[in-house]
Amino acid sequence: MVTYRKELWFHLNKRRGLVNITEAISEAVTESGIKEGLVLANAMNITASVFINSVEEGLHEDFEKWLEELAPELPYERYRHNTEKEKNADAHLKRTIMGRETVVAITGGKLDLGPWEQIFYYEFDGLRDKRVLIKIIGS
Amino acid sequence: MVTYRKELWFHLNKRRGLVNITEAISEAVTESGIKEGLVLANAMNITASVFINSVEEGLHEDFEKWLEELAPELPYERYRHNTEKEKNADAHLKRTIMGRETVVAITGGKLDLGPWEQIFYYEFDGLRDKRVLIKIIGS
Amino acid sequence: MVTYRKELWFHLNKRRGLVNITEAISEAVTESGIKEGLVLANAMNITASVFINSVEEGLHEDFEKWLEELAPELPYERYRHNTEKEKNADAHLKRTIMGRETVVAITGGKLDLGPWEQIFYYEFDGLRDKRVLIKIIGS
């Protein structure tokens, strides 16, 4: 059994945004040399998500609008978590809807994804350095 | 370390519906010969879910009504993703609530589920062939 | 490859509540002797969650209020699942938002968590014995 660990770092210059990390995770799988196994990719911060959906800008706008309806950023006083200094309660809730992590199969040395499956990092409280952890286990 | 891979195929004759796949995943575990490990089961399409809850028809109706409130199918113009041809934005959002995948423990050669835990495929945009991936890793 | 299995038992004296289980899972990792691998922690009941977020009481109150908005407990007749005897449909829906399980990396014999990541059990229908399953796989 072999394991492999890698971190991806992000610094978005806005509060919210999506980054396609499929290629970066695919590279980590190649680096690991693992042919059959599982890869875990998780946000290491609690105001960001790793999730799987399609590369379609209209859909990404729909996600943005929908999450804002389900867990509005404003007014800040809506949430007990928000203080003078911290104003990201909505980011904790939005990330809960989208999920912390995904587990993807590795088959024949490649990510075993469906035809439209792409892996995304979703930032809900940017403007600072944040990480995704990739942990691969297999043989 | 041993791995095993299997696909389950679905073709629902309606837009939305639930299929209990516990038995099919259980069979895959038996076929794998793996006694201790993990099984990943994930939708390979981005408008379907694999999730765990109970076999109770009333509850399944509650899920249906609740998801329709949280991410309504209509009006189609509500979503940027919807076009003349494609009208499944709600399916992408509903599947996000229910989740793409589940990871279940294997103990003593069997799915290590709680007493009421059953694994379901939830289709949100049917009337075509779609797949679930089962990947098992263990010894 | 080594695997390790452990159950955590809970009995909350109220309908809903959060329990920080990071330390208990960390102990299970130590007991397993596994240095590199993955740990799965999942609710074995379908009206409870295992999820990762921060230790912040204000935020936990925000989760409580938010989940009650997204999936209200009352009126009980709102849900088909509720009967004379069973009144926990909202618990099934709330747990769906928060998730059944989490998968966490193990690196150097420790849980590989981000600086604010803590693992919680979220009970949505307490006043009875319920379990979390920990399954560890690695070397």
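Should a chain be cited, it is by its letter among A, B and C, assigned in written order, with residues numbered from 1 in that chain.
Note that in this section contacts are C-beta pairs under 8 Å (C-beta built on N, C-alpha and C of every residue); 3 or more make two chains touch, one makes a residue touch a chain.
Since we're looking at a predicted model, the values are computed, not measured.
Undergrad: Overlay chain A and chain C by their C-alpha atoms and let me know the rotation angle in degrees, rounded to the nearest 5.
TA: 120
Undergrad: Could the interface between the copies chain B and chain C be described as same, meaning over half of its residue numbers are common to both, or is it different?
TA: Different residues, largely: of all residue numbers at this interface, under half are found in both copies.
Undergrad: Roughly how many whole angstrom separate the Cα centroids of chain B and chain C?
TA: 20
Undergrad: Considering chain C alone, which of its residues make contact with at least two other chains?
TA: 1, 38, 70, 97, 99, 103, 137, in rising order.
Undergrad: Taking the complex as given, what residues does chain A use to touch chain C?
TA: Interface residues on chain A, with respect to chain C: 1, 3, 5, 38, 40, 42-46, 70-71, 79-82, 89, 92-93, 96-97, 99-101, 103, 131, 133, 135, 137.
Undergrad: Going by the contact rule set out above, which residues of chain A touch chain B in the complex?
TA: Chain A reaches chain B through residues 1, 36-38, 51-54, 56-59, 61-63, 66, 70, 97-99, 102-105, 107, 112-117, 137-139.
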